[in-house]
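In the part that follows, the structures are each spelled out as structure tokens.
In the two complexes that follow, chain A is the common piece, with chain B as its partner first and chain C second.
Here is the complex of A and B:
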């Protein structure tokens, strides 16, 4: 079974990921690699839009700590948007939301990142 | 007696298990068959399974001899037991050789009488064993000779033996001249280890699990009947009384939990009263647990574990509390609640556990899964402790039955242990939640917990049939979801919690699974079951609805 895919787009140097489906170990690792790819191109402002995420499991969620860490190492910024309550609760439990900016809508995150240096 | 078995048409849903045991028995020749413990709840049909196996081995082949022995409470002096065991073994072994079933039923046979039979048939191997027994005057040595008789006969004749022992826990009452000698059951350790004479033992699970020989046995679980088979059995039994009943599985059968003993009791009583409608069957059931065969069965178990009259009332109060407190109780809390010494509490709770009235292998006590047993205790408690009349009890139980029918919604599903199969369970849960108009967040939380529980089952249950069995039960105020898997359990014996294995430490992420489950539901229980391990997730839906309502009011 393959229940995960990622779309990405860039707006004014901001990378926006639209992952879709089930974030398990494989899904989260795909997302991590995609982030690394953009970070290597010096694109350090990242938005992850969760609107198409159906489920997250604990392994997938924990891999996000690696994503957060890598973006921090590149002095980048990470925003989460369009999260369901249950998903934000998971990230809250793992302490990840302390290191990211959470916005209700993707456009709010993009505006925030546009204005930040 | 082993050959007196149920007719095949009344032996439901056990064909696969029986075929498995039969195959396993034939594999003795290869020397790979180990002694095993046939485990399952009371009344599930373990004894009948052994008897059916005996019959098949007896009639269908000539290479493996079957020996069936049910331990009798009246024959527990070591000397008497040894004599009875040895003589029955020799008779059954001889009966097998000549397909002469009448030898199995010989009662009151003297040693001289048996010697004559053996001489007549020139059974020298048996005469030698019997002679050794006659020469021996030490009870423990006599016991050794009796227990080793199957092995000795195999060495002498080349015919392997399957030894089937029922009610094995009764050996805890072994005595020599009136002095208790329960540890003598450990003398079975040697015979259990012989590959050409593997033993298949059964009896009261809770007690056998505490016996020293358990370490030498592999476990074979006997599951309750599936609902469809239970319905088939029920209708077939009623058919015998000339009553036709629809095969639609109704709530009463669900309530009986697939236990053939309960099904037979209710069907027999319903058949005798010529009633077959569901509401009539519920009344019959209530009669059964308040004054029928089920009542007398459980009452006799209660009395045998609590022979002192003065203790029984307290025992009922404690059991009722354990069943209805809504949380697991430790011995210490029971002591405090009932002003009992720790020692008295230990005696009572240990006996309750061994009798099968409560679960709590590690000292934390919970209600059993057996709803009929819970009803029996409720009924007895109302009558003996609360002084309620039969009529009051009947009304209470009928209300409870109506409650079960009107409020409860249950779903069951089985998923294979393949990657991302947990999503199938999560998707089903979503639809169930929508059908029941559950809040979206509540559905999401339950889904998260179920996904984690399924992943746990896949990671830690390495053996068994590679399936995960899910059961979703919803009432107006509660969601209870159980996720059961076969194979090796992953629950620590010390803490009752799952252990974090080496693999989990290497991958820090997995440790969060249990925490997530606990965060999203109100209670997470880990239980050892017949099948392996079960995780039970319970979520209070009323509380959740209240929180969500308050949340939205605040937002407004």
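Here is the complex of A and C:
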């Protein structure tokens, strides 16, 4: 379906994703592929900004699970920002947030990653 | 806190199952549907690596059909001899430690490891072994809670049926299967899941064990008598099962107190239809009216109900049905503050509340169904089996005749 799209940018070697819309079918796997692409270029600091994400179902959760796993395998760092409460509740229940740094705002995550090696 | 997490889990599980139901019946290609189904499972239980395998009975092998997160997929086979199949429990999740002690592990150590298997689920559609799911390590806790295992079983069952239904599976097994309506089975599974959640609601309230089931049954009987379409009857059935789901957020002590409720406790209890609505409206059910029925099941014709004090024709037929089904079951079962009413007493009570609490037309339909059931004129009785057997059919029949004659006049 076409109700999902991703914007990405890089700041000081930090990759920032701004996915938009519904993370509820295999279309959202593009986000996982995009992460893999940056990881293969040794860009291992990743921020995902959730502000434009509307709905995440279990298929979406599966894709985030994959992203968490891949970044961990590459010894990278993953931050989630601007999460709605419904999303953070689900991710907490699923144990996903345990493997991720959660920040309120995108800039907080960027600052954190800038200072870490 | 734990309560809140349970609700999150509940909503997430029900909506995942709804999504799975929609995905496996969608028009997408078979491979895409199966991949999506596997993603639903891995998302529900936060498993980054998993494989879905299909059984080839000629070669006595499980072959990789689709996977999530595996790098090396060349190890596509797990050998399962025909004689071993019967030792599996159907659609039951096996932990790795259990697998290590049975026939499966030794000949397949390498393949199981390549699939990162921590949990192995043999898939059965009816009695036929159709495939398996290998689940890797979870991001959350390593093992599965009992409730998670139950949900996992339901999901496995659904995937097994889809797999069995596929032409691919038929080709592999060289079987020209009679085209049985396995889709019907899937509906049952879906219903079973919702029933499991309904049981969780009823478990909270000691006096209303199975209340949700009975309300659902009674509502279906009335809707059927009204000539509702099958899909709408399904909606009222599920609404019946889940109408009190909001009670899971209310303190158990308050629910089971019954009498002498303080003003604040009473208003706490009165919040439950709205909470039910809030919970269920987050789920993308295939039935539009379901949440509306649930929200208003305590409304009354005279406008003295809650939460919105709707009155008269502002109440839809579905709401009126659920209201009488709910109240009638409350009357005919023991409550903390009083013993249950006899059937005669309950019918008099409904009659007394016609036009104030209950709608006359819908109540008339309810009386008519009951009459038919007592006379054995229905295909399957939905109300009668749940009532005390002690009543005198002749007395009840004549009472019902009097009431319905009055109402029809």
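By definition in this document, the second predicted complex is superposed on the first by the 114 of 117 C-alpha atoms of A that agree within 3 Å, B and C clash if a C-alpha of one lies under 4 Å from a C-alpha of the other, contacts with A are read in each partner's own complex, and residues count from 1 in each chain.
Definition applied: a residue touches a chain if its C-beta (ideal position, glycine included) is under 8 Å from a C-beta of that chain, and two chains touch if they have at least 3 such contacts.
Being a predicted model, the structure only gives us computed values, none of them experimental.
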item	value
Side-by-side fit of chain B and chain C on chain A, or clash	clash
Contacts of A:14 with chain B and chain C, given as first, second, both or neither	neither
Chain B versus chain C as contact partner of A:59, first or second or both or neither	both
Which of chain B and chain C A:3 touches, first, second, both or neither	first
Which superposed partner A:95 touches (first chain B, second chain C, both, neither)	second
Partner chain in contact with A:85 - chain B first, chain C second, else both or neither	first
First (chain B), second (chain C), both or neither touched by A:110	neither
Touched partner set for A:68, first chain B, second chain C, both or neither	second
Chain B versus chain C as contact partner of A:77, first or second or both or neither	neither
Clashing chain C stretch [against chain B; choices 73-81, 163-171, 253-261 or 271-279]	271-279
Where chain A meets both chain C and chain B, residue numbers	24-25, 57-59, 61-63, 86, 89-90, 93-94
Partner chain B, residues of chain A touching it in the complex	1, 3, 22, 24-25, 55-59, 61-63, 84-87, 89-90, 93-94
Contacting residues of chain C [partner chain A, same complex]	4-5, 8-9, 12, 15-16, 19-20, 23, 32, 35-36, 39-49, 68-69, 138-141, 282
Touch list for chain B against partner chain A, complex	418-420, 422-423, 426, 441, 444-445, 447-448, 451-452, 455, 507-510, 512-513, 515-516, 519-520
Complex interface listing, chain A residues touching chain C	24-26, 57-63, 65-66, 68-70, 86, 89-90, 92-96, 98-99
